[in-house]
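To keep things simple, chains are lettered A, B and C as they appear, and every chain counts its residues starting from 1.
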Amino acid sequence: MTDAIAISNAQLRFGETAALDGVSLTIPQGTCFGIVGESGSGKTTLMRAVLGLQKLDQGEIRILGKPLVHGRAALRERASFIQPIFQDPAASLSPRSRIRTLMNEVGTVLREPHAATHERLAVILGRLSLPPGVIDKYPHEISGGQARRVAIARALLMKPSILIADEPTAGLDVSVQGDLLNLLQDIRRSQNITLVVISHNLAIMRLIAENAVVMRAGNVIEGGEVGSLFGSPQEVYTRDLLAAWPSIRAVNTKG
Amino acid sequence: MSGFFATLKRIGSERDGWLGLAFTLAILVFALIGPLVGPDPNAIDIKARFAAPELAHLLGTDNLGRDLAARTSVGTRYALTLAVMIVVISSIIGSLIGIVAGIAGGWVDRAVTAVFDIVNAFPPLILAFALIALYGKGSATFVLLVTVVFIPQFGRMARARAQTLRNLSFIEAERMLAVHPVTIVVRHYLPNVAGPIIVLASMNLPVVIAFEASLSFLGFGVQPPNSSLGTLIKDGFVSINQSWWPTVAAALVLAIATLGATLLGEALRRVIDPKSTGAR
Amino acid sequence: MAISLRDLSVDYSLQQGTAHALRGVSLDIKKGEMLGLVGESGSGKSTVAFALMGLLANNARVTLGTATIDGKNFDLTKRNATAALRGRGMAMIFQDPMLSLNPVFTIGTQLGEVLRRRAPGSDRKTRVAMAEDALAKVKLSNPARRMNQYPHELSGGMRQRVVIAMALLSEPALLIADEPTTALDVTVEAQIMREIIGLRDRVGCAVLLITHSLGLVTEYCDAISVLYAGEKLESGTVKAVQRQPGHPYTRMLFDCEVPIDRERHADASQNSFTVISGDLPDPRRRPPGCIFNGRCDVSFAECAVVNPGDYPVGDDAGHSARCLRLATP
């Protein structure tokens, strides 16, 4: 099977600093893939390049086997199989448009009658436990949790086969972050979507991803199946990251 | 529409805003209703020339005995119409140019900014003289001229806003969904640029009114038989030795109009864009 | 000398009414110890810090509360009650170090300013030496060069070190750290936490660490207080609370934390995350009974009626929780 995303030798410089210093990685279809790194590691830049929001200096990105090219026609085609979930999904809803308008836009792009769009939307809203009335509201009229779900619903309406989530739990309380992560896992399983999660949160990554890479200063330091990657890391940096993570120890929770 | 009335209410709840609202409303009534109920502004009555304010002539009369209240009322209407027209046209054109420059970046952005800089480099009055020398006097020239002078202000603000918006998640989300670029500009950029543009427009209204008055005062603006506040002040100024009333009457209306619009614009800015005042 | 805070209550007047951000919160921190004040957004944890520092917003009002710091009593309902302690006796580390640093002065100037207040009459040379020494103590590389640099020339972690050096020089009795590492990478976070501990041990001050991260608290703190919707639900030593959480909320919070050493299940459906369902109560109208009643998984009829007091948990001294289950044996 072709890989969902294949990146070879991606290079990008911002002035003096190399944001991406020859990154190569492949993400198999239907899996959850994690990209771990601290700020400045290049993890977000890499994903922006995959989404076509950032041009590379050198290197090639293939999505489902097709090389990524810029331009509107290519973007239209790509939009129907790869969609981002932004760091603050609520902020990815245009503040002065009703949610209905935003959903209709997706239908227009797909050249689908509005009735058909809304039929599919009703199913998606139900799955994400959103009330149907939500589409007549403006983004500021719904709660933060609902806005997050609406943004995900909008991405799903595009029927993507790859979802890229950038720091999905940043700024969330522990009591609600699980809700979002469970939802993402559920979507992935039920629709066989390839899920790429970018995060600095190692503990979450270990549970949600099957494979992961650790990035630092524009390079992939090491990667592999999460169990062995986090269980017996080969690189000093990975070990440092794991050691620095402030976490309650599993053994301590039960007295 | 409830948003409009809510905004009015919040403007009225401040002292400056209340004054601005009252002045503007008074000027509007004066300009719109005055010509309908007042005497004929062009009726000459030589016997009553240079009359001081009295019941028959609320603001007195001029050198030909024409009623000054009626004449300033017509002049105000003319000045307001021109000002609103100019501000509306220049804000729309300026916003669109600015948004496109802000989104496009690169050489488009540099070219637009350079043109803005060139226009702004000339003092408005000098630029006015140059354009009048080229195209001659007249209202159309005047509107064109002032519109051109004011476009860069709106353009710059729209460009700056568009540059900020371009990198926000919701604009990127639209792009990633492959929504048509025109839809993105009209539906997602414009409404989010509109707030500060409306504020800037309202604050530019008095500037345009005063600019029109100064051009007309110098004889380059509105041409007879039309009269604007500027020409009225000029006409009065010629005969200021016989009577100071004509000058004062027109100047007073000009002062109230610009002060009212300025206060209103300030209040509008505080309501729509509270961050820029630095208050918490 | 212990730091104590008694019955702190803070109201915010909003357009939609008065919100009670804190209701009768009491804390005790022993000298040389670090207390972790844990709470989620909306718990009012930062309000505690602002009330202590006298930095509350204009629409906030302390309705009740006293503090004992450095042996002196302060009535927090008075404006600027603790003004005399700012810069000496009490220091604060914010999430954003730029709130504590002035962008137009060099690091050296700002540290010198702290010393001028702390040790009046000292000559410039001594002050420079002391400032450089403080920078070296917080492990900032090349202290002599840093003295002539401006805050914008440093990274976030380095700035936070400078703020810690400032706190070090002011030798406070109480250090308040409000989410000091939230904006930093994990590796830098660990270093900064070590420097805060180092400062505490050097000066012997009490530290109030305000955070949303139970991981940080269990790793670095001696004691813990759990705040929920403006009320303190549990407090005790970290060990005791972790071993036997007295309040269901505390237990659920611990369950939500994902331990770094939890192994991934091959069956993906087993890798689900724990969630506390429900929403925070309206801060304007406190429901009767227990504040956590609506979201609790072990509540009973009385919980909706009776407002619980602080009951001791287990036999560990100072471990108490606000749960009716502890009152009914």
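Here, a residue touches a chain if its C-beta (ideal position, glycine included) is under 8 Å from a C-beta of that chain, and two chains touch if they have at least 3 such contacts.
Keep in mind the model is a prediction, meaning the values are calculated, not measured.
A centroid comparison over C-alpha atoms places B as the chain most distant from subunit C. Across every pairing of chains, the maximum count of C-beta contacts belongs to A-C. A separation of 54 Å divides the Cα centre of subunit B from that of subunit C. The geometric centre of subunit A is 32 Å away from that of subunit C, both derived from CA atoms.
Subunit A and subunit B have Cα centroids lying 49 Å from one another. Contact of a single residue of subunit C with at least two other chains is seen at no position.
Listed in rising order, the residues of subunit B touching subunit A in the complex are 168-181, 183, 187-188, 191-192. On subunit C, the positions that touch subunit A within their shared complex are 40-41, 185-187, 189-190, 193, 212-216, 218-220, 242-244, 252-264, 268-269, 271-276. On subunit A, the positions that touch subunit B within their shared complex are 51, 53, 72, 75-76, 78-80, 83-84, 86-89, 91-97, 101, 105-106, 108-109, 151, 154, 158. Residues 38-39, 173-179, 181-182, 185, 189, 200-204, 206-208, 210, 226-227, 230-231, 240-250, 252-253, 255 of subunit A are the ones touching subunit C in the complex.
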